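Shared chain: chain A. Partners: chain B in the first complex, chain C in the second.
After this line comes the complex of A and B, so read on.
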């Protein structure tokens, strides 16, 4: 081993007892080492074994897991240590930062107590001294007013603040290694940027090595020194981050990079999707586990699993064809015969072997963007700009009362979830709603889908004003055609499909509800439309992979031939390699069927890929609205600029050079307490606004403090933004590297 | 704040009033105090029966509305009427409440503690022999009728007493009749009498709580925060107790408050079998004696207890769980 490696994992294997006594191999031969001050990223999708391997390293797997190989921490073998010995290393030598800090902190203890408890596990100090240290740590990770906040409970913190607490706990005993398992996955982009900076601070303060486990290549590009890509329990490529992104040597890595929607790419570019889905561990065969999805696979790949072989200084790849000099990013040769995208939609071929019910339908094997197809050409001819709007929203308002107390409930304020939103969606186009959590995206969508008279403002769906629709008699009957014309697809397909109904019934249900007699033919048609097979109608949702389930949800949404489809985070719950296929499918369906999409997402790269126009929401208001290309290329509102700048670009060269605006604080809450008139005065973004903070003239600041900016046209007719100082020249708004 | 508390209390008062009135009307229209007197040997003259019934406000010849009005007027001024044997209902209830409280208090508290401990062990050793044993025993107790359990305990006690050669554990009545000695002697005597009945209550409570605690504990066993605690270097045992059990106790508060409320309204079998003259015994006997006022008072008592239990459960929940505190 190299002398300065603090954590060295060698040939780690982890298996769990599976069905019928056959062990499930979750990790199959992982080796890595990290030095002090170094960051190693372990990249992979669900089931790749990346989290299991880290839990194995700190000995926290369930007792039925079988772990072999070697994990050495500062030269000491950890595998085989008993719980007492391991407990001395956990937290003190190797610390963890977990995903989803809401569930990762015990709800009944104050955060200061939790950190103090972590300190006292390893250090013999008084509880006062531990508490004092806890407050210092909270300050270090950027919790404002730490002495007071130390007494708060986890539920009183936002997600970002809780993650800061997690990091404070992790560095409490000055560890040598910090393993961060998806530390920013559940967070807003603006908060993700903050947390990565806190992690960098923590690394500086402790000099620890960081093992960053993530599925997000953008985070890897900006943060890690080296990366190991895992697939089906094995490392398939290891390299320095720069080299990995510049020239991936394993088709899976190349496919991942190619399938990422990127903020710096244009709209509507066809993503190169990887067909199928990550394999289930129970069904691994003898060959390369990626072979069924690989455009470059040859016969050898299907029979023999390649070893991870060193191919250069600190580089290794597990691919039989590494030495052949293939251009993986350019896609396979024309004769590889796996591309099926020439026909545009539908994604018909489903070449999955019957045994692997988990596999995804073929979604265009690493296919190059094709020349415009027939349907695309048709769409170009369609007069998009002049089409009558399928959705018009004017000054929509939705406020909830905020109550407090469990024994005695009383109203203390108002949640201004949606506070004056206006939108238009012309037929056949996509409008994206973007914003952080709490910005009112989902509330807006739900108000539209309810088809009820809005609390304030007006909504008109397919030319039918909802206020008028809900007046008078026979509302249900009259609402029927409107209801049929609008459909929705939600984030989690497993949760939104009834698990007890076979897919055929799921698709027939909307048809029957709306009085269509014969459904079998339409069900078949729908399945084929979304790239599934007619024979899939007898299967249950759980028998499909995530991507296929989302296809079923899309098919169900399309059953009644809607003209407007609301897509609420449709790809957020899916694996990276599967997302591209769904996004391509949505694009194809839109062109083919002339659908209008209301696309809600927090993922700006995805929005960049799909949206014709975009509305940026902050605190229930639209702050910037307009043509997507124009907004993304030249954002005018400081909030839009900050949002865009917070999105990591999956390119280490770009990512490390670009200026970044880090917004201070959390996404603000839309709650206005009773009697707090000040909260409603002036521009509501100003507490976090980098532009406001940079304004020098008092009268300019005064304007922000006194007057709520209205949405005003900017530049070309189709753009508007709500800011008093759109023309103010502001160089770097906030220095990158400032921890708020 | 005051206004909201007031609203809640008013709400409770309405519920209690409604329950009690309905209870009285049901008792007054279905019980027949006249029969109680008429069946005496020798049968008393009708005139004297009527006189007694009138005096007790129990005469079925008086219209129900009038009897109800008379009773209600009394209740408002704190007078719950007379029992059929012409004693004060309030005084009787006051005496018996103390008896039941003494019986139930130790039984439920110890039962809950034992049950929580058993449930905890059962959960962290899921599907192991100890879990199977605890599960089997708790179902055995839960499916044994209380009177059978009590009788079995009596038999066991007899054996113990025989083995000890003295009445180590008396199992009837609250005290030994005609006991002489200082207060300490009396206290020990009461304690000895308490053991067996308390045990009979405790077993059932422990069995019940162990089932609830087991499933609550299983819910939190896989929780991320236990993993976090372990990752800071905490050993498995302390992590399971400080982070797991502490959180899994929250739903138990509600169960405990309502169980306590329910049991206080009368552990009829236990009282009957062990000769304790508490609320449960009184309720059954009152129905047998066609004692309308006592039954109505019992309904009032039950309603008050259940609502207090609800309030206590909310308070306990808020104390245990900071998420609902503010």
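After this line comes the complex of A and C, so read on.
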């Protein structure tokens, strides 16, 4: 090891007492070192032990955890120190940034006080001096008006601002190591970009080493120097980030990289999914824990767990077949490069080919081993503009009153959740609705799904206007055929599937509701259609893995052979390695059954993968709308540009050269207080708009301030954007818009 | 009604009251229920109780109304298995008759009141708005009415009528607090995504209530029903003690215990048979309730913490 390693973890093991007397090994032999000024990413899915290992390093695990091995901080052994001694190191030498800043900040302390308290624990300074330092720190992390904001309480901050406060607190005592545990997972992409920048600033200011724990390979590619990939409690590969992404040596890493939908890849490209799901720690056998999911597994893999072996300068991998020079990115049969020309993919050497061994046996059931070829993709794209629309939304409005007071409720404002949205979905195509939290995506979707008369505007589902549908008597009965034609899949299958019903009953429910007597046969058919087994009908949702549960939810949506399926963030709650399987399944089903999708997501990379057309939503309005390829390749609205540039690309080479527009501030809230006419004047994006900030002519700015831009056609027929200055975008703008 | 028939009917109500007919789920729950030893023991005890209550009276030549003028306050003997009372009634015959009454009253009233609470509470909670307000006004009204007084006043009206009316009255004044709890649960369940999913599918509201809301509060309902069994038997006792409810010469376990408590130390046979049977009954019901709840939770996987999450995040 090198002498300047500030944190050195050697052969760390953590186990918890198990339910049946057998200990659960959460971490099994993790070793790493970080030097000052270096960023090490620990990457893994849920249950991989990535968080537990860092908690163990700073002694924050519950007392029933058994920790062995060695954790040395600047040469000093930390394991075995008592809590008092640990407290002296925690916060001063090693600082933490947690995922959820709201629960990490004490709600009754003002944030300035909290930071000052953190300073005074470790430094002998007066409270005035500490407070002064706290304000300086808040300024450093980019909190506007820090002296005043230091007196605010945590709940008065937005998620992104709170995370900045956490970072300010973490660097308050000039630590040598900052452990950041999923620091951006709970945040919107534009805010994530800001926070990563603040973390970089913090690193510069303190020269600390950062241990970044994350599941997001895009973040790793842009931010980390080295990475350790963990699987089932063990590190399976460690490498410098460039090398890791360029040539992964462990099939799991390769699979993860291959399964990621990428912003710079085209639509319709088949993702390489890893079959199965991450193993439960209680069920680990003797062999390589990845072997059951590995396309390269040989007999040896199933009997002996491979050691993490050094295979080069700073590189190690735990795989029996490392030395054989396999092309891991290609798949076992070397079928790479066959199909990556699907539909107008820009270039990218490593566009993912379809893999033969796909998710959970879906392909067998669908008899669709070939990837979509050019003709198929074209066939899907062809109906655009020709087929009748399955969904038409015009100027949809949904406002909620905002009230205050519990006894006498008075109206103080309006939540303009959806404020004039128009959409069309032709049969058999996918429209993606993209936006940050609070943009009105979910409200729009629920307005459509509930089939009620809209508050304003009109919705027509499968040619049936909702206002006409809700007029007169027998609405319920008349609505049933429409309901049968539209189905929904929600974000978290655990929440959207009744935990008390076995899968068979869950799938039979829509059938029974719509008067189909015999359900058993159809249930079996549905299960097979989504790659599950007929015997699964007797199990409850809890007994499935996340990916399988989502398959059940998809099967339920398909029960009545709908023509439109609304997918509300269908892969956001899933582990990275199973997402690809679900996305592939959705693609296959669309081709097989001619489904139209309304795909709601905040994840632009996923949208890039699935969408024919995209609608970008901001504050309940569509700001840009059009063909997915052209929107992604040539975004016109400044918000779309910022959104796209904020999404990290899981490729360090690309990621580090990309120009990045970081939007200042937080996604604004859709609340407009009564009497606040100013809030409704002009373009509502201008407070964050880098273009507006860069406009030089006063009359140009005046236009943004006075007139709300309407959605106007841009260039070719099928695109529109809502901005006054679509042509004013100049490359020079990029610099001016970066500082938060 | 025959003993067997009643047992079966009872079992069915216990299964279906909090959990409506769902072939798939019902069968799975039953299978998991039968795997639990304690629960099956409870069920067996309960069946034996019913058998005893309805077959027992035929095993002796004495009727509960008969009086043996040769034996006042004698201990257990060959003629009078559990002894006799102050006026020469056969304690065994009386206990059997009391067991019949108490079992039916207790179980039926408990299931009725829990069922009513579930339906009213879930309806109010799910629909909200005016439905909720009207139903809750009604509940609050019943809560402030002095139920004991009303039962006392109305009971002469029911004299000579069927004991079923008494059961209904007992249930009618017992469900309100549970209904309020159920309403609260239903309001939070209504916001859950699986309910939204069902609504979007076009599932009928009543079906959502019976299929999604009630089963998801099965634990509460089962515990409530179990506690109610003991509670109603006791309530019936106190009413009977004051001369309402079960009237002499008819008896219930409650009246026997009430009569026997004074002389429990001197003439224990007056008191122990009825007391022990009451304890056994309530215990058996508790076992069955526990088993049923576990079977349902287990089926849904909520009780089993040994699931996949392990300890690592």
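Note that the second predicted complex is superposed on the first by the 675 of 740 C-alpha atoms of A that agree within 3 Å, B and C clash if a C-alpha of one lies under 4 Å from a C-alpha of the other, contacts with A are read in each partner's own complex, and residues count from 1 in each chain.
Throughout what follows, a residue touches a chain if its C-beta (ideal position, glycine included) is under 8 Å from a C-beta of that chain, and two chains touch if they have at least 3 such contacts.
None of these values were measured; they are calculated from a predicted model.
K.L.:
Now for A:48: first (chain B), second (chain C), both, or neither, which partner does it touch?
P.N.:
second
K.L.:
Tell me which partner A:543 touches in the superposition: chain B (first), chain C (second), both or neither.
P.N.:
second
K.L.:
Just to be sure I read the superposition right, which of the two partners does A:306 touch: chain B = first, chain C = second, or both, or neither?
P.N.:
Neither: A:306 stays clear of chain B and chain C.
K.L.:
Let me test your reading of the model: by the given contact rule, A:287 touches which partner, first (chain B), second (chain C), both or neither?
P.N.:
In the superposition, A:287 touches no partner, neither chain B nor chain C.
K.L.:
Tell me which of chain B and chain C touches more residues of chain A.
P.N.:
Looking at chain B versus chain C, the one contacting more residues of chain A is C.
K.L.:
Which holds for A:92: it touches chain B only (first), chain C only (second), both, or neither?
P.N.:
In the superposition, A:92 touches chain B alone.
K.L.:
Using the touch definition from the top, say if A:664 reaches chain B (first), chain C (second), both or neither.
P.N.:
The answer is neither, since A:664 touches no partner chain.
K.L.:
Go through the superposed model and pick first if A:105 touches only chain B, second if only chain C, both, or neither.
P.N.:
Touch partner of A:105: chain B, not chain C.
K.L.:
Jot down the residues of chain A that show up as touching in both complexes, chain B in one and chain C in the other.
P.N.:
Chain A residues touching both partners: none found.
K.L.:
Taking the complex as given, what residues does chain C use to touch chain A?
P.N.:
Chain C residues touching chain A: 22, 24-25, 28, 192-194, 196-204, 207, 211-212, 215-216, 218, 296, 299-302, 304-313.
K.L.:
Enumerate the contact residues on chain A facing chain B in the complex.
P.N.:
Result: residues 58, 60, 83-84, 87-92, 95-96, 98, 100, 103-108, 110, 117-118, 121-122, 153, 155, 166, 169, 172-173, 404-410 of chain A touch chain B.
K.L.:
For a test of understanding, state which residues of chain B touch chain A in their complex under the given definition.
P.N.:
Chain B reaches chain A through residues 1, 4-5, 8, 223-236, 242-243, 246-247, 250, 311, 314-315, 317-318, 320-326.
K.L.:
Quick one: which bits of chain A touch chain C in the complex? Just the residue numbers, please.
P.N.:
Those in contact with chain C are residues 16, 19-20, 24, 26-27, 46-49, 51-52, 65, 233, 280-282, 446, 449-450, 476, 479-480, 483-484, 487-488, 490, 492, 495-502, 504-505, 508-510, 513-514, 537-538, 540-543, 545, 556.
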